[in-house]
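First comes the structure, then the notes that go with it.
Which chain is which? They are A, B, C, D, E and F, in the order written, and residues in each are numbered from 1.
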Amino acid sequence: MSIKKKTPSESKVTMTEMVFPNDTNPLNNLMGGRMMHLIDIVAAITAQKHSNRIVVTASVDNVSFNKPIKMGNVVTLNAQITRSFNSSMEIFVRVFAEDIPTGTTTETNSAFLTFVAVDQNGTTIAVPQVTPETEEEKQLYESALRRRQLRLILANKMNPDEATELKSLFFKV
Amino acid sequence: MSIKKKTPSESKVTMTEMVFPNDTNPLNNLMGGRMMHLIDIVAAITAQKHSNRIVVTASVDNVSFNKPIKMGNVVTLNAQITRSFNSSMEIFVRVFAEDIPTGTTTETNSAFLTFVAVDQNGTTIAVPQVTPETEEEKQLYESALRRRQLRLILANKMNPDEATELKSLFFKV
Amino acid sequence: MSIKKKTPSESKVTMTEMVFPNDTNPLNNLMGGRMMHLIDIVAAITAQKHSNRIVVTASVDNVSFNKPIKMGNVVTLNAQITRSFNSSMEIFVRVFAEDIPTGTTTETNSAFLTFVAVDQNGTTIAVPQVTPETEEEKQLYESALRRRQLRLILANKMNPDEATELKSLFFKV
Amino acid sequence: MSIKKKTPSESKVTMTEMVFPNDTNPLNNLMGGRMMHLIDIVAAITAQKHSNRIVVTASVDNVSFNKPIKMGNVVTLNAQITRSFNSSMEIFVRVFAEDIPTGTTTETNSAFLTFVAVDQNGTTIAVPQVTPETEEEKQLYESALRRRQLRLILANKMNPDEATELKSLFFKV
Amino acid sequence: MSIKKKTPSESKVTMTEMVFPNDTNPLNNLMGGRMMHLIDIVAAITAQKHSNRIVVTASVDNVSFNKPIKMGNVVTLNAQITRSFNSSMEIFVRVFAEDIPTGTTTETNSAFLTFVAVDQNGTTIAVPQVTPETEEEKQLYESALRRRQLRLILANKMNPDEATELKSLFFKV
Amino acid sequence: MSIKKKTPSESKVTMTEMVFPNDTNPLNNLMGGRMMHLIDIVAAITAQKHSNRIVVTASVDNVSFNKPIKMGNVVTLNAQITRSFNSSMEIFVRVFAEDIPTGTTTETNSAFLTFVAVDQNGTTIAVPQVTPETEEEKQLYESALRRRQLRLILANKMNPDEATELKSLFFKV
């Protein structure tokens, strides 16, 4: 069966949130786990829009939390698909926090997640391929291969020696 | 100032949860983001118990979701500290799901997170060192160094060539 | 004190949500009250971004619910400011629901809300005026006056005979 | 099929709530959207009791928020049916806030909502007519016709010139 | 300092709730713990209204759950004060569930709770005495003494032999 | 049908929780009703693990709240089965609160609950008997009979004169 191609812009999703008291730690900053929850939801919506299917989270790559998001900040999450591999999709999420009194916006986090499209019985099902358009989309499309190799190595599903794509860029050997 | 050492067993935490409808996707499986939220909370409690301080999430390593957790399963999360580095602590979380009708338990996920101990103003503050006791604790203590190097490389804070510890194990070069 | 003018596009907000089981009625449709809650949040964020202030809801105009939003639909709310009156701001929210299997999107609701900007003591404070740019923004800017008169009449704060703007359009007398 | 008549007192509902931190804005006042959510729930229960059916929200009339409800106040919502039109019901909700230290109670909001009774397939179904008893119930019953005309005009479902009932009272023409 | 007396009707509270999916067990019945949560909230509001103070739960007497409350039922909780003892208040809560399709209402649970009034520092503070009016209120006022003795015995704060009031009624000795 | 026996340790459950702002009263202490909710969940999980069945709460014995649990404390709940009676199970829950800055842990509450195992239609079904192992488990097993008699008397299901077990210990008659 042939599956049509779709561009990243066809499934881009923006989510804007207020930080509620229950989402914060004793320093009144948004908790890491709550942020991961929001990132998963916005990425899942993007994967659903790209595949027109139910999707399940397959993995979340390393996420770091360097810049605290204060209570009262407005949080914006932008999600876009980078590339699909048969039934799996890699989604890139960027998180921004805006300080209302000053109007200044800071990028606070970014994350790569993978989702798998499934039918009502939970069986995996092929999804449309991704046709990147902008320069940034093309770079994310290319680098998706390296991130996939790193994921497979970390999950003990690939021998590091076979990760030629990753090896040449990660370590200059 | 000298800081006393503590063993991992002094701050071990077990969290048991029921899966509620709002935590599930259309296949009635626990959603990835909700799982990340629970992992963050149980790990944060362990870091608080080890440091006797407020803690903030610094990073969450790659987590994969291969085995779905069904509605009605009982979820158990075990968190323990592996090693501390000045003010930061690495916490290891293992997640188990028990199917009530059969009584069978499966390990579904595991994750490494790092937390930083802070005072009331958010300034980082030194934490007790970790004294591993069991064989497994000693292995987790040793491998913490490699995971830390990988984290620093992924965050562009370390040149891959300097990651000697990681290099010798990750790639046989 | 002079207050700078801002365009509607400077404070536009998009919020995307999944419909969770607790948000639905026995027919598995999103409940009206939960929709009102989401509309209030997205509109409040827009008012905060326009005014760079804490804002409080002053009124919500008549909202009708003709098209049910099904569980599993993706809900998108777009909020934009239409006009400001000293310390009050009128925000226009449009709600869209996308059916994932077919990819079809329907406009399900729209609403006008007013917010007042306040300082930390709750005292009202002037906000930037609105400079509409597009044709639609200009029409919303103009019609804001009529909606404001209707609101004042409904709140018994204006004599219907004084509502000349509204009268000429609403009833051909 | 004949449908029996019911009085408003047969379906009156009182709901009392505490204001929790997550329901409040940065000034520690109950948020407008949360109030709308409560109003929708209490009104839906009244419509269910009157019709003995599943009900869906059809519309919420203009609501204004002039008096803030403080954290720690006790909120009481009283809902009663005013009149039914075939399968639709108009519900009137009055909201009161009590300040615990002084014991003083203030009416803070009121709202008119309409609900439609449906069967399990979502098909509309006739409901009992309303027999008002008290003087206030009779006035609410009469004025329901005018509110219904205003709603139809606002939804572009009635030509203002046909709204004779509304016209004679709203504008002295 | 003299404290004025108040009648039970001055602080009576009615709370009406819909049962949401997250509140139910796999048989779609309201969970016991969620019911206890609602009982505690409605009783606390009654204690606040009687004392015009912050209150804290001191005890919850034996509660049994014989009649399941189904998803879709309307739950009504009625709370009233029975008697006060210096700074503590006993509150009686009765719970009713109405089946919407048939309109039949069943009493499903009842509970006695005690609360203590405190000031902002958490120090206990005297509350108004209770003046029962109706026959039922007088019986609840009288029997409060026996329930108090049982509570003290169960908490190992009273020697069973001293519980003369309880003894004569509980065991015919 | 013969039902195998199980020890209490086979179904012991530990639940660890952080206290979130919405769980607290105006003194920043965990509310009694929220604590009851947690106690019910952890006890239900234990009953599920012992019976490998769906369970419903049948009763909660008197619970007292003498020691406040502060926001920021870590709450640990330990649940174990004491004894089963055909299809019903008595579960004992002990609650501990740890103050993070000092690392001191206090037992704050304890509770006895009973659950009934049911099949998918809600029909009660026999559960494994309990084989106590430790001295404490044996004492809890023995005293379960007296608590059961007190429960039956309080629910008017047993004549006090028949409660020989209870009588001899409770009142020295």
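Definition applied: a contact is a pair of C-beta atoms (placed from the backbone, for glycine too) under 8 Å apart; a residue touches a chain by one contact, two chains touch by 3 or more.
The model shown is predicted, which means the values in this text are computed figures rather than measured ones.
Touching chain E and chain F together: B, D. The chains touching chain D as well as chain E are C, F. Ranking every chain by how far its Cα centroid lies from the centroid of chain E, the top place goes to A.
At the interface between chain B and chain F, two copies of one sequence, more than half of the residue numbers in use are shared by both copies.
One rotation lays the C-alpha atoms of chain C on chain F, and its angle is 180 degrees to the nearest 5.
For chain B, the chain whose average C-alpha position is most distant is D. Centres computed as Cα averages put chain A at a distance of 21 Å from chain B. Spacing of chain A relative to chain C, judged by their CA centroids, is 31 angstrom. We define each chain's centre as the mean of its Cα atoms; on that basis chain B and chain E are separated by 43 Å.
Between chain A and chain E the centroid-to-centroid distance comes to 50 Å (mean Cα coordinates, whole Å).
Residue positions of chain F touching 2 or more other chains: 21-22, 26, 41, 44, 54.
Chains that are in contact with each other form these pairs: A-B, A-C, A-D, A-F, B-C, B-E, B-F, C-D, C-E, D-E, D-F, E-F. The part of chain E that touches chain F in the complex is made up of residues 25-27, 29, 31-34, 36-41, 44, 54, 56-66, 68, 113, 118, 120, 122, 151, 153-155, 160-161, 167, 170-173.
The part of chain C that touches chain A in the complex is made up of residues 13-18, 41-42, 44-45, 48-49, 52-54, 74, 98, 100-103.
Those residues of chain B that touch chain C in the complex are listed here as 21-22, 24, 26. Residues 20-22, 71-72 of chain F touch chain A in their complex.
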